[in-house]
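Pasting the structures here.
After this come two complexes, each holding subunit A, first together with subunit B and then together with subunit C.
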Partner chain A sequence: MGDRDLLRRAGHRVKENAREYVVTYIFLVLSIIFVAYSGRPMTDIFYQLMSRLTRNLFIVLALIIPIVAGMGINFAITIGAMAAQIGLLLVINWGVTGIGGLLLAAAITVPLAAGFGFLIGSLLNKMKGQETIGSMILGFFANGAYQLLFLFVFGKLIPLNESVTIVGGTGVANTLNLTGSVGLLSALDGLWRVTFSQALYGITLFAVLGSVLLLILKKIQRVKAFVTIGMALVFVIVYQIPVVNHSLQNINIPVITFLLIALLCLFNVVIMRTRLGQKFRAVGQSRVVANAAGINVNRVRIIAIMISTILAGWGQIIFIQNLGTLQTYAAHEMVGLYAGAAILVGGASIDRATNGQAIIGCILFHTLFVVAQDAGSNLFGDPNIGEYFRVFLCYGVIALALVMYAWRGNSAKKAAAREHARG
Partner chain B sequence: MSAEYVLEMRNITKEYGQNAVLKNVTLRVKPGEIHALLGENGAGKSTLMNILFGMPVIHTTGGYQGELLLDGETTRILSPQHAMQQGIGMVHQEFMLIPGFTITENIKLNREISKPNIVSRILGEDLESLDMEAMRADARKALGSVGIAISEDTKIKGMPVGYMQFVEIAREIDKSGIRLLVFDEPTAVLTESEANQLIAVMKDIASRNIAIIFITHRLDEVMQAADTITILRDGKLAAVREKKDTSLVEMASLMIGRGDEGVIAIDAQAKTQKEQIALKVRDLHVDMPGEALHGIDIDVREGEFLGIGGLAGQGKVGLPNGIMGLYPARGEVEFFGEPLPLNDAKSSLKRGIAMVSEDRRGVGLLLDQPIEDNIVFNAMQVNGDFLVGPKFMQLRNGKQVRAFATKMIKELDIRCQSPTQHTGTLSGGNQQKVCVASALALNPKFLFVSEPTRGIDIGAKHLVLETLVRLNREMGLTIVMVSSELMELRSVCDRIAIVAEGKIADILEPNSSDASYGLAMSGLKAEGGEAL
Partner chain C sequence: MKAKHSKGKWIASGVVMLLAIVMVVGGITGYAIRTGSFATDGLHKMRNYAVLRTAAGAIIDDIALEAKRVAREYADANNYSRNQRAAYASEKEAEARQAAAAEFTQFNGLDDDGLDARILQVENAQRVYAEQEAAEKELYAMQVAQSAEANVVLDEELETLIEGSEVEGETVIDEADLQEVTEQAIDYSAFVPSEFLKALQADISVQYASLQPELLRYLPTLTEKMLKDLEKPILAVTYEYGSDFEKQYDRYLEMDALTIFSKADQNRMQLARRGDDLITIGVGLFILSLGIFFFKPMTAKLGMPRFVILSFFVLLCLMAGLYGISVPTMIGNVLKRTGMFGVLALAMLPGIQSGISLNMGMTAGIIGGLLSTLIALEANMTGWGAFAFSVVVGCLIAFPIGWLYSKLLNRLKGNEMTVSTYVGFSIVSLMSIAWMLLPFRNAKLTWALGTGLRVMHNMSGSFGGILNNFLSFKVLGVTVPTGLLLFFFLCCGLMWLFSRSKTGTAMIAAGSNPRFAEAAGINVDRMRTIGTTISTVIAAVGIIVYSQSFGFMQLYGGPRQMGFIAASAILIGGASVSRAKVSNVILGTFLFQGVLALGIQVANAAIAEGGLSEVMRILISNGIILYALTQSGGDSRG
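This part shows the complex of A and B:
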């Protein structure tokens, strides 16, 4: 009897898990198939994937707080990216180079993104329940304002150097180069790079020493410490297999960038253990109850969006310094869409997201991006098919997430009605 | 505490536009007393409480006249937060709890205990880290004082409804400096034993010199718990009574103001009962979450008014829902001698069994549709009535619908502006009557009525029950009524089956002793019938 009950519950849990992570599993299977058919060497795929993670992970992680605060996927991070691009333009114009230039751009981003975030949050407060779509449309709208700013205000009203304006016209040039004398290319990534094996051994050492230290200080359970050490050792051993070793050989890891990403992960966790974080979660789960407890719901929501917008701006700076060129009028356009799709692929939903989901989603989503074109041409004889497929997937995932959210909401409502009927 | 009253609301008058909802009402609450506030829906109880809590709806509609004194000092409460700071707490009827949070987190919501850290010293106390240990300790203490044994780390989601009520109370008690607690219909969702526990907790709180305003529909609980009773009627003060000087009957009549009609008492008229069995149920199992039935046998005679009673969650609601095919069921059911297929809602309806659901807003009504369409909708779908035109393109017969709806509105006394008013804008009692009308439109031979009086005021209750009795006595309709209110069942039914733990514990006469009912409710059968 007990056994059967246990089995039934285990089965139920598996089913729940499958339903919640259906998108993730589909992407996992697709990724494996595509990688197999792309015909590209693993070395290359891993290399590409790593540089895409360096570029994108920070922005994806910037989506978490608004989701927890019940505001859905903040597609308006596009606007944070625009703020960052204003900062970068000024830095390039002033000729500040290197990490100093990036820090200055990041500093300029903060007040701009905070201001924009305040406006976005205030607007989203007027359209509660439709934040996801609202922020998406807001992103499109802001694009218009951005063009006005970059084509007319800069250059005409605020004088710029010739090197950053359209030749023979007004407004900011189409492409801003960060390489050469501008000196912003990889200004962050290049600070400290290590090879994969250095990183792996370094992290292993850190994990083992850390666990032992915590164990001695009795701050951690014995099981947990041993599992951590064991896992680190397993990774090291697996790495000794020649195939694995070989395919990871080319990878360079920008340490500082990944430290920043790790810091953001930590921030996302720690903020939830503060008064403010408790407010985010309360507002996210029930505005009515939060309000009754005296929480200023609108203020909390605005703070969530402001933090997200600033973080997205910093994420965009990381993205552009890695890429080396700033497509003035296009670089921000897909930011919200790609980041949103990535976090959804990881199994997040409109009302629930974690660091882990963001990271897994980012890995799967970008793996598919790396191999889609080659797989398309090998499977269907046309690289464009892979390209279409990847755009299709992007919007498909977002549409699916919205539908599933509505569907879950409906069944929850039905369950509540049943509960009510029960009395 | 020098003042005699912790709260004094003097000569309060409140108008919404031209409409005066409170006229010169005075409420005086002593420290440490349980003060019941009685009144029908619309008597002005909620408006009075809105004023006490400084709800925005009061300020945006021009405020109120009169004086509000806390511990003898004139105060004007500006907002719900301000009320909270003044030590006034509220236990809501709709739970103000966050399902995904633990009990601790809910109790401490927005009053978290936190420790400063480096960041918070710069950016303010919003970023202080939570001290979960201290919060848990407080939560444990508050839970202990309401007497429920449950871990403070339990999430609200999935908790029994009764427990949520106690968590709400624990949260209010945990607030420091609380001096007045308002309980808004706290027993509406509780089982009888939980309600008794709640009353014990209320008495315990009151003994700590915290005053309680107890808003309820249930008069017997008032008699059990209250020290003083203020009764409102139509926005005016009807009476203030000490408990020892009043009685159930007097309170009911003061509330209704129509003499003794308040306490439901419909004479059991003599009537001819036929011997034919209308519904024969054998070994019926119903898989309804929270109201499961595990094998019941019962016979319902034609023309009978059978009551189904029992505590919440024991399965009484499962019977109508199972036979109507709304929840999976198995067993044997015969309807007028013919086997009735189960799990097939349409076939039950086609044979002339109709049901007024307990979930009138969810299942029973289309809230943003007019009354008349709600009344005829099922009949149109099931029997093809109220339609005109050839088979392949039948249209709604507007004239016939209007005529029938008008007739029903008159017969059942549905208070509305017109048959085209949306049902969502009706009061609970009138919505219930629309549900009854919709069931009658099917021309049923057999009617299930589930919790017909839940959440509606005494006046409307009386009308709904009277209607049902009339249908039974005058039109010979066989009715099975499921209700949580035993008094109600005993006043209108011919026999009453008590369901406990998914089985029928006993079938009793309306005049059986209270003890037999009490035993049946707890799953026992009184030995030797009426011996107890």
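This part shows the complex of A and C:
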């Protein structure tokens, strides 16, 4: 009897899990197939993946707070990216180099992104329930304003150095280089790099010592501590296998960047335990209830978007310093789409998201990104097909997530109505 | 407090109105001067002066050159250093030039009939020649455009254009660029002038020869060689394509011809030249004053963005007037673009009416239209048969797609627009893969190297422009694309009739108030299905009409923006996301495309940099959709 019950419950859980993470599993399978058919050496794939994670993780994590606050996927993070690019342009123009330049750009981003975030939030408050599409179109709109600013205002009304303007014309040049004397390339990543083995052993040591310490202080359960230590050891042991070891050999880990990412994860967790975080959640669950509880719903929503926009701006700075070039008119365009698709791939939905989902999603999404072209040319004989398939997956994942969310919402509504009729 | 506010309004609009009246009066005075004999005579004098001044230029150059030579010789004789020699020579040259200019640019009796008559003859000969040449070249271009070689050149040019304008895998092609490429593709090197044309050209030289004695009368020191060298510059002064008052005036002004008048007469001539500009500005100010006065009620009625777009449209019209852009070409462009995008915008109508709000998934229907056109091109069909085939097959393909799509939307009530946007995007990118893999074999359609269909397909070999040219006529210089407009209005009329029918009424009722409709016994889901399916089918027809008018069919990323363009058009026309009429489609498409068509030309005339029109489209299109979303009222939906 008990056994059967346990079995049934386990089966139920698996089913539930499968329903929730169906997109993640599809992506996992696709990734494996694509990696197998890409014909690229694992060393290369891991190397590419690591640099992509360095670039993109921060921005994806910036999406979490608005999702929790019930505002869907904030595609308007592109506007945060634009704010960051304005900051970077000014820094390049003034010739501030190195980490100082990046910090200055980050500082300029804050007021700009906060102001934009306030405007975005106010506008989205007027279209509750349509935030996903609203923020996307707002991103397009802002792109027009951005082009107007960079083509016709900068250089003409606001004087700029010749090095950053279009040769023989006005407006900002198409590509801004961060390399060489500009000195912003890897200004953050390059501060402290370690090899993969160093990072692995370091983290293992940290996890083991931390667990032991917490165990002695009796802050965590014994099981949890042992699981953490066990997993850390398993990773170390797996790393000793020559194939794995070899594949991960070339990877350098930019410690400071990943510390920042870890800090953001921590921030996302900690803020949910504060009073503001409670408000985010309350508003996200039900605006009506939150309003009745005396929460200023509109204000909370605006704060959520402002935080997200500023974080996205910083994320874009990390992205561009890693890349080394700033495509003035294109670098921000895909930010919202890629980040949104990545977090959904990780199993997040329109109203739920966690750090773990963001990280897993980012890894899977970018794995596919790395290998799509090669797999396309090997499977279909044309690299473009892989490219188009990648774009299709971006939009398709978002469409699927939206359909599933709406479907669930509607069937919940119907069920409630049925309940109501019966009761 | 309120009274004060309205007082300010009165004063502001009054002042602007006063300014407007001053401008218009000034402009009318200028016009009066222009049509009077003073301006005609003045213009003749200016022309005579300009011709003589050009001729005198040759003498002045000669004298200056001689002075320079003498100065150099002097410098050499006195052992000047290299720098000294150059400085001395240029100083002497400038001196001589000034002296010569003072001597040779004072002409008496510029109303000399003999000179006037001769110049007029030269000008006439040039005009006749230019008109004949333009006609022959047009004929030649038409013949060449049909030939295979021109298409090969065009394809090559197109490919470079596409490569140049690719952004993140998406091609955004500016219409102006495309037009330029199409014109460039015609190679005039093989153009052979007819005997008649050659004779006309010879006549110009003859007329110029008879002008020479007149010139010599004024400037006896002109040598034989100088007269010969002067032929080109003088002919450039006497005639240029398009010789209205402004063009002539500006041309003569370049030769300082205004200096022959007294100060007062100069002002009068300038007033005559600027007369129409003053009237344009006056009309603009008049509208502005009305705008200030009726600001509140108008914004309340139209909504802020629509008011802004309307004002922008008026502003662009006025600017087009100021920059002297040819009005007939402009109107022709606006008409063409209205018809071109009209049917696509119409596809939004049944969607909104049946309650699925903006059907961004109409790209699914567009795919149907593209597919059927591809089939027609693959089979080398041409003319009306190809067009009819594409439309019918396109509808047949779009019908089941729309039906299935509506089944999806019926399960997602309240989230249609969000979902349909991304479903639309997904379909476009999925079809991008299909375009690579579908078994089309016609060499005209596929890349010469590599697999898959091309991005741009030239329609001129098939049914390109078939509607545009049907019964097309020119009136007052405006090319009216009769067939295109007729087709658009036919579609609008059919939709209007449908909305009057029993099903149509039920559909609109279901869309505007689903609960009430349900209570009245209307099957809301069925009505939504009908609306979505019709919308999808119209989209298929829309893209075919668009392609034939544009002259090119765009695959891959091309259809992605179409939903947005159509949505913004109908919204600008006064529709909301839950209510729309046929009139919204017509008015909206006209306004939106009008703003874009005028915007491109005004931007090209005003600033050299491109890209402004694209920026404008992005801002207007997304701005109006955002506004509509805010109006749909937060909590009521979703």
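Simple rule for what comes next: the second predicted complex is superposed on the first by the 420 of 423 C-alpha atoms of A that agree within 3 Å, B and C clash if a C-alpha of one lies under 4 Å from a C-alpha of the other, contacts with A are read in each partner's own complex, and residues count from 1 in each chain.
As a working rule, a residue touches a chain if its C-beta (ideal position, glycine included) is under 8 Å from a C-beta of that chain, and two chains touch if they have at least 3 such contacts.
A quick note: this is a predicted structure, and the numbers were derived from the prediction, not measured.
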Query raised in the report: Given the superposition on subunit A, are subunit B and subunit C in a clash or a fit?
Result: clash
Query raised in the report: Just subunit B (first), just subunit C (second), both, or neither: which does A:Q278 touch?
Result: first
Query raised in the report: After superposition on the shared chain, which partner residues are touched by A:N252: those of subunit B (first), subunit C (second), both, or neither?
Result: neither
Query raised in the report: So, does A:A406 touch the first partner subunit B, the second partner subunit C, both, or neither?
Result: second
Report task. Report for A:S286: first if it touches subunit B alone, second if subunit C alone, otherwise both or neither. Result -> first
Query - More subunit A residues in contact [subunit B versus subunit C] - result: C
Query raised in the report: With the two structures laid over each other on chain A, which partner does A:G294 touch: subunit B (first), subunit C (second), both, or neither?
Result: first
Query - First, second, both or neither for A:F380, with subunit B first and subunit C second - result: second
Query raised in the report: Does the superposition put A:V391 against subunit B (first), subunit C (second), both, or neither?
Result: second
Query raised in the report: Is A:T195 touching the first partner subunit B, the second partner subunit C, both, or neither of them?
Result: neither
Report task. Report which listed segment of subunit C has C-alpha atoms clashing with subunit B; options: 78-86, 330-338, 510-518 or 546-554. Result -> 510-518
Query raised in the report: Okay, in this complex, where on subunit B does subunit A touch?
Result: 80-81, 84, 92, 96-101, 105, 109-112, 114, 120, 125-130, 161, 189, 289-291, 312-313, 317, 357-359, 362-363, 451, 454, 484
Query raised in the report: Which positions of subunit A touch subunit B when the two form their complex?
Result: 270-271, 273-276, 278-279, 281-282, 285-286, 288-290, 292-295, 417-423
Report summary line: In their shared complex, subunit C is touched by residues of subunit A numbered 123, 125-130, 132-134, 136-138, 140-141, 143-145, 147-148, 151-152, 169-171, 287, 329-330, 333-334, 380-382, 384-385, 387-389, 391-392, 394-396, 398-399, 402-403, 405-407, 409-410
Query raised in the report: So in the complex, which bits of subunit C are touching subunit A?
Result: 167-169, 408, 411-415, 417-419, 421-423, 425-426, 428-430, 432-433, 436-437, 450-452, 564, 608-609, 611-612, 614-616, 618-619, 622-623, 625-626, 629-630, 632, 634-635, 637-638
